[in-house]
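Here chain A shows up in two complexes: once beside chain B, once beside chain C.
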Partner chain A sequence: MNRINRKQGILIPLVIMLLMLFAAQAQAIIDGVTGTTFHFTAKEGHISTPDGNSILMWGYANGNNVMQYPGPTLIVDQNDVITITLTNELPLGNAVSILFPGQDVAASGGSQGLLTRESNSPADTVTYTFTASHPGTYVYHSGTQPDLQIEMGLVGAIVVRPAGYTDLNRTAYGSSSTAYDYEYLFLLTDMDPIIHELVEFGQQDEVDNAKRAPVIWMINGRAAPDTLAPAYTPLLPHQPYNCLPRMNPGGKLLMRIVSAGRDLHPFHHHGNNSTVIAKDGRLLSTNGVDPDLATSEFTIQAIPEETVDAIFEWTGEKLGWDMYGTGVGYEHDCVDGNGDDFDDVTHEYCPDHGKPLPVVLPEKQDLGFGGWWGGSPYMGSAEALPPGEGGLNINGGYFFMWHSHTEKELTNFDIFPGGMMTMMVVEPPHIIIP
Partner chain B sequence: MKNNYIPLGLKSFLGALGFVAIAGTCQAADVYLVAKQFNTTMPDGLSVSMWGFAEDADADLSTDGGEMASAPGPMITVAPGDSVLNIHVRNDLAEPMSLVIPGQTAGMSPVMFTDSTGRSRVRSFTHETAPGGIETYSWNAMRPGSYVYQSGTHPAVQVQMGLYGAVTKDFAAGMAYDGVSYDNDAVLLHSEIDPALHEAVVGGTYGTVDYPSTINYEPRYFLINGAPYPDAMPLYDHKPVPGETVLLRFMSAGLQTHIPTLVGPNMDVVAEDGNLYPYAREQYSVLLTAGKTIDAVMASPLQGIYSIYDRSLDLTNAMDSDGGMQTRVTINACNGDIDGDGMVDLQDFGILRSQWGQICTVDNPCSADINGDGSVDLQDFGILRVDFGRLDCLTP
Partner chain C sequence: MKTKRYRLLTLLTASFLFLGASASWGAVSFQCPGYDPGVDGDHNGDGMLRADDGEISNPLGSNQVCMHLTGGDGFVTMADGKETYIFGFSNVTGLPDDQVLSEGILAAAFPAPPILLRQGDEFYLSLTNVGMMMRPDLFDPHTVHWHGFPNASSVFDGVPDASISIKMGSTLTYYYNVVEPGTFMYHCHVEAAEHMQMGMLGNLYVEPDQNLLADGTSLNGFIHQTGFKYAYNDGDGSTYFDSDYPLQIGSFDGAFHDASISVQPLPFANMNDNYAMLNGRGYPDTIENNPLPAPVENGGKVSQFEDSLIEGTAGDKILLRISNLNVTRFYTLASPSIPMTVVGKDTKLLRSTDPDGAGPLLGENLYYNTNSVNLGGGEAVDVILDTTGIAPGTYFLYTTNLNYLSNDKEDFGGMMTEIHIN
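Now for the complex of A and B:
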């Protein structure tokens, strides 16, 4: 079927359409380290939290770099043999190790601990080897005194690319039914700073595991609003990873959720349901190829140790009004060449083309503004705002809060807003991501 | 048939924890239990008052054989062909109790009471056994699966105090559910202890300002099969043999969420609350919420030590690390490895020699009674001799 809803004029300039041709050449989105051989050093360092605190952490450093939280995200290819060596620069008396749930690990060196082999000193190296036999999202963390060391920050994520993966052919598990355009990591953790203070003050023995009460909640090692700051910002030298998911209408965004803390978190993504295609790096599937056992959810139950892969889509379908605007100055076409009801370029939902916004916006003096309100309800548009308002939505995108729905986890040590929260931005089609 | 498999080298704590009774097994559809108080000792030496169940040895509840209670109580195994389970109970506690099995249907007669504001409220989900009384609880259509039996009276207190145990029924011999076969099973019943609650209940201050309710619940000990690590042990059908399929029966009688996690191979999670999933889920951990049961299959593990630990990180005994909810599925390839160190050597021979000629009972188990015939003799020596010199008992 070939359906064209033609109104007047062309809104999307030719230049922008040309730019869009290059959008497919984007680089990998999740920040991390690639290869097959890695060296970690467990060491101390301080992270910053938005309440102004500086908290002692133990983390895995990449090689001899500074401690980072979370540890390096390993991005590896399916069937590669992965080797990770670990040396221990934690305070004397603390052994350290790494567990790789879902991997068949051979460990050597160091000494045998309760759950795996451990490094006991800077001179004591443990080697972990496994074959990344299954694609997917995985977690790693300390297997030594995990009640303390996971709290202290010895956690990280692994992404295993399926065989045949390329940046131009992105799939989570190899089959086209797991294809995506953008991917983001959501490594969720929770923290009780009192435990960190006791460790810093040499009172490690006084840590009472049963009385732990987290007051800081994080995504990728940062609490909001730091989740939105750039990756690798020099302001946060020990917290290299941010979490600012962005997409264009009609795209597929792969959420790689890694629950690395101690508590359950209901991770709620506004905007649309997502399709949960895999857990623990295993496709939800009867045939091993297609996620035919996938579920549609609007809140991901993030269970400590579990990983969840979910594909999120947003199109504006059935908003009931034209998201690119109506009336003078908003003239545009909806050209549905392939019969999927959407414009082939702007991904506008053609059945709603030309339908006006069904409410009359209040006068500006009657509105409260947030930084993300650009003055216009229309995708890609902006209008004048009073002095000092707006400014965080330069492209005229739609912002959706993605957050833990345990609402107290939207605070930084009792101060709202913050915590396990970020914004997902649907950017207009001409904005190239990333 | 579930045997009294007693892990090697654990004699010292068995008596204190009432393990003997845990391992006691009731094959018949008629089970005779006594609810009574007892004490258990935590690894740091703290003694905790518990309520538990003992199996009445002579199946005559009108006489008291002095059996020791335990928490969990005796594991009840209902034969695949038995549709009816009758549990006969004598209540030696000072307050009424009852029995329910979530997930199994029974005729229920709730017991009400009138509270201080005149409201009629439920005290028991079904008919009570008064202190000193004897009653029978019946389930006439037992479904296959893994379940927890527990008190149905003031459960916030009575279940926490220890009135719980495992009950299983298989779909067919060697088949937990239709299509889920196994060679060996391991019960892993999770629970917690908040010593302050136990003190308050026994001291009569529960419900006062000292301990108003379980809203102040703060467990400090985290148990599998009634003991925290290092004493926590899986309860097997029989001593594991390399290569056999092991069904892990995760159960919870606690009030908190735990996440048993297997280090090493993934599990096939096949059932929840006694309900078979349409498709097994391959996972390394399971979400074990309060009251939940989860069944998972370990497919043919080779010899080795497979750790299971709680990813909710309740891995402490009060202030001490390296404790709590963790245990090991140890699959030893050598029958003669008496001390379980992975080698059959002179140390094992020394243990055999020191126990030579002993008569072994549930109260006096002998680690060197390798063939389990009740005595340490020439036959056990013969088994040890076959394996002597092996170094690979735990090496896959």
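Now for the complex of A and C:
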């Protein structure tokens, strides 16, 4: 027999209070720096990993801020002329530079290196200029000894907004067929701390790439569970970006995947397939406007230095039961005015409205509970859990794991769980995601 | 040593039975609406109860399907003869509840029992956790994660962090309204890096509605006949096949499994697979067209049912439902002699959409011909081998990551199988 516990009255004010805290952190638009002119400084700093380690990194700082990993996400507008100046505060003897794959770059200043112009010292400034001619998602990284310097952290992402983009008219590539409601960055990296230790101990010459064996895997410069901590948390001063995707049923979530490590990673997003609309900042299209060559995938191959744009949608369509619950305490309407089978406001799938959950769930003592389990199978509902269980799902959302399906990579230096993993939450319709 | 283990088994079984008898505690509880254990059962031996097959007395609908899996541990034999400890699922569909624990204990199969469904099915999947007989120190719950299920709910997604998982001695029943055809896969998601490396992985695929069209129906000029089968609802017969084979890529790290059975720290950072397999076997076991003999440690329970031998007659179209559930690396699988046509990925037909969004059937087929496919963990592709003009003989399907054509130190093995064309 199943015990359905009535929703707790105290939960509602609690949820509202927590929600207000939450709202301040939630960003449905990617964090980064905007404008046309940027100044970067390459510097040292230490990041934290959830296994308790502190790892020396080299990263691009925004202006004279602290080193950050990954580098500042540049959010620029199509057709703008973008200028980035770079000065070098890395340990003496290390030149540094930036490559912008996919952009037509003019570089000046500094001195000519193997791949581009390089800065050699704090007094030596290089300037890179390019026109952001194509919308999309791009990567940038060091062009100086990249085998070492990318591993050390000199990497970042660029988002080019299409002409005509506004916050109320969000599209990835300009056409309405690339429209979205929420966007999140997934910059995937893999790391071998031994290399970083050698650099820190002045044994840079000892670094042997043939022996590289990554044991830390990250999204946006953080390994799980830090991926879920707030962006810009003072606890992680060198890792400003989090990865906490949120959406409402019926919404469109744009995933901007930047594969910035050395290995391939199969990025699996639970919940539904996504539509891969572009790779390397180019729409998968025959007419250049609509992604008619898009593929629908549940695991996206993240290939080193490739970027992928994919649109994820979720409605709970055809679950075969009413995901908002049935019976006393779960009363709700499903109003399909426009005949698309979905409620016009909540996007509930109306043909399933009123259908009870087809199975009886076991007694609580027979179950293990996850932290993101709210106690109820129904969206927007919560039920009492044993002490110490749950607690991370304040709105009764549906949490889905988004992660590398090379499950070995769900660890932080031999400790499970962690790694290249985050949770995406489908929040109930009344939760507003900016 | 062996005697000791069996004594332990008896003790644990007895304790489970004792617990099962206590009403306030967990108990095996198979849920299948309208199922009468007195008369119903898996009459046709396909491992599932299907209303259509007369195996459920009073089903809610003719499309009702029920299955009962256990999650636990056991042993398998690698192709070099090494007995290897695994976690896994076992099929106990149709067994009375009071026999599930005794039958399910030490019965873990690798790969997990295949789940074959039809579009439109309503699928009730019960999972009973029988505990880890060889690891009485573990109290791990288990789940089923239907990998790739469209518009999933969190309650039935099987991710323990975001959902519920089932503890030892109890049963959790999942419900799936099966709306999408294609090649999926399933696995336990509890402590995924461990439980998946340990072998809780299986084939799962769904046949499309198009298989059931009336005889003579025209599919854009292609005439359907009763019995014809397709990979997807393609609308043009282009994914027609004569026979299909689920092929699940997997690989084990023997040292990890040894560490598990000997209760040692598990090497996550140093996880390096040295047994590369198809459907849970390395070559030449892949072509052994029978269940492998039961490992001694299993107490006589067979644990490796699936072979990967592909057979056909020249001219046949053979659908390979390839999925990858290894947890350490990408693998490339090649068929150098018989060309591959990739028609689907991740349960979707490869087809362009009409930019107007008017419907998928207006797009162009984006199938491509190749001799190899590359898959990371969690990816699936549907490949048709067209054997037209292929001379009778034996052909090979193998990984071009050639160092994985081995069973640990034994060469000429690993991720390879044969295609026999008559």
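As a convention for this text, the second predicted complex is superposed on the first by the 405 of 434 C-alpha atoms of A that agree within 3 Å, B and C clash if a C-alpha of one lies under 4 Å from a C-alpha of the other, contacts with A are read in each partner's own complex, and residues count from 1 in each chain.
By our rule, a contact is a pair of C-beta atoms (placed from the backbone, for glycine too) under 8 Å apart; a residue touches a chain by one contact, two chains touch by 3 or more.
What you see is a predicted model; the values in this text were computed from it and never measured.
**Student:** Could you tell me if A:Thr411 is touching chain B, chain C, both of them or neither one (first, second, both, neither)?
**Tutor:** second
**Student:** Per the contact definition in the header, classify A:Gly368: touching chain B only (first), chain C only (second), both, or neither.
**Tutor:** second
**Student:** Using the superposition on chain A described above, determine whether A:Ala229 touches chain B (first), chain C (second), both, or neither.
**Tutor:** In the superposition, A:Ala229 touches no partner, neither chain B nor chain C.
**Student:** Now for A:Ile194: first (chain B), second (chain C), both, or neither, which partner does it touch?
**Tutor:** Neither chain B nor chain C is touched by A:Ile194.
**Student:** Is A:Leu293 in contact with chain B, with chain C, with both, or with neither (first, second, both, neither)?
**Tutor:** both
**Student:** So in the superposed three-chain picture, is A:Phe399 touching just chain B, just chain C, both, or none of them (first/second/both/neither)?
**Tutor:** Only chain C is touched by A:Phe399; chain B is not.
**Student:** Once chain A of both complexes is superposed, is A:Leu148 in touch with chain B (first), chain C (second), both, or neither?
**Tutor:** first
**Student:** Using the superposition on chain A described above, determine whether A:Leu264 touches chain B (first), chain C (second), both, or neither.
**Tutor:** A:Leu264 contacts both chain B and chain C.
**Student:** After superposing on the shared chain, does chain C or chain B touch more chain A residues?
**Tutor:** C
**Student:** Pick out the shared contact residues on chain A: the ones touching chain B in one complex and chain C in the other.
**Tutor:** On chain A, the overlap between the chain B and chain C contacts is residues 264, 286, 293.
**Student:** Looking at the complex, which residues from chain B come into contact with chain A?
**Tutor:** Contacts found on chain B: 218-220, 257, 259, 261, 263-266, 279, 281-285, 287, 307, 309, 311-316, 318-319, 321-322, 324, 326.
**Student:** Quick one: in the complex, what on chain C touches chain A?
**Tutor:** 25-26, 29, 31, 33, 122, 124, 141, 147-148, 150-155, 157, 159-167, 169-177, 179, 189-194, 196-197, 267-271, 324, 327-330, 345-348, 350, 352-355, 357, 363, 366, 374-380
**Student:** For chain A, which residues count as touching chain C in their complex?
**Tutor:** 177, 213, 215, 264-266, 268, 270-273, 286-287, 289-299, 301, 314-321, 323, 357-363, 365-373, 377, 393, 398-401, 405-408, 410-411, 413-417, 423
**Student:** For a test of understanding, state which residues of chain A touch chain B in their complex under the given definition.
**Tutor:** Of all residues in chain A, those touching chain B are 99, 101-102, 104, 114-116, 143, 145-148, 150-151, 205-206, 208-211, 262, 264, 279-280, 282, 284, 286, 293, 303-306.
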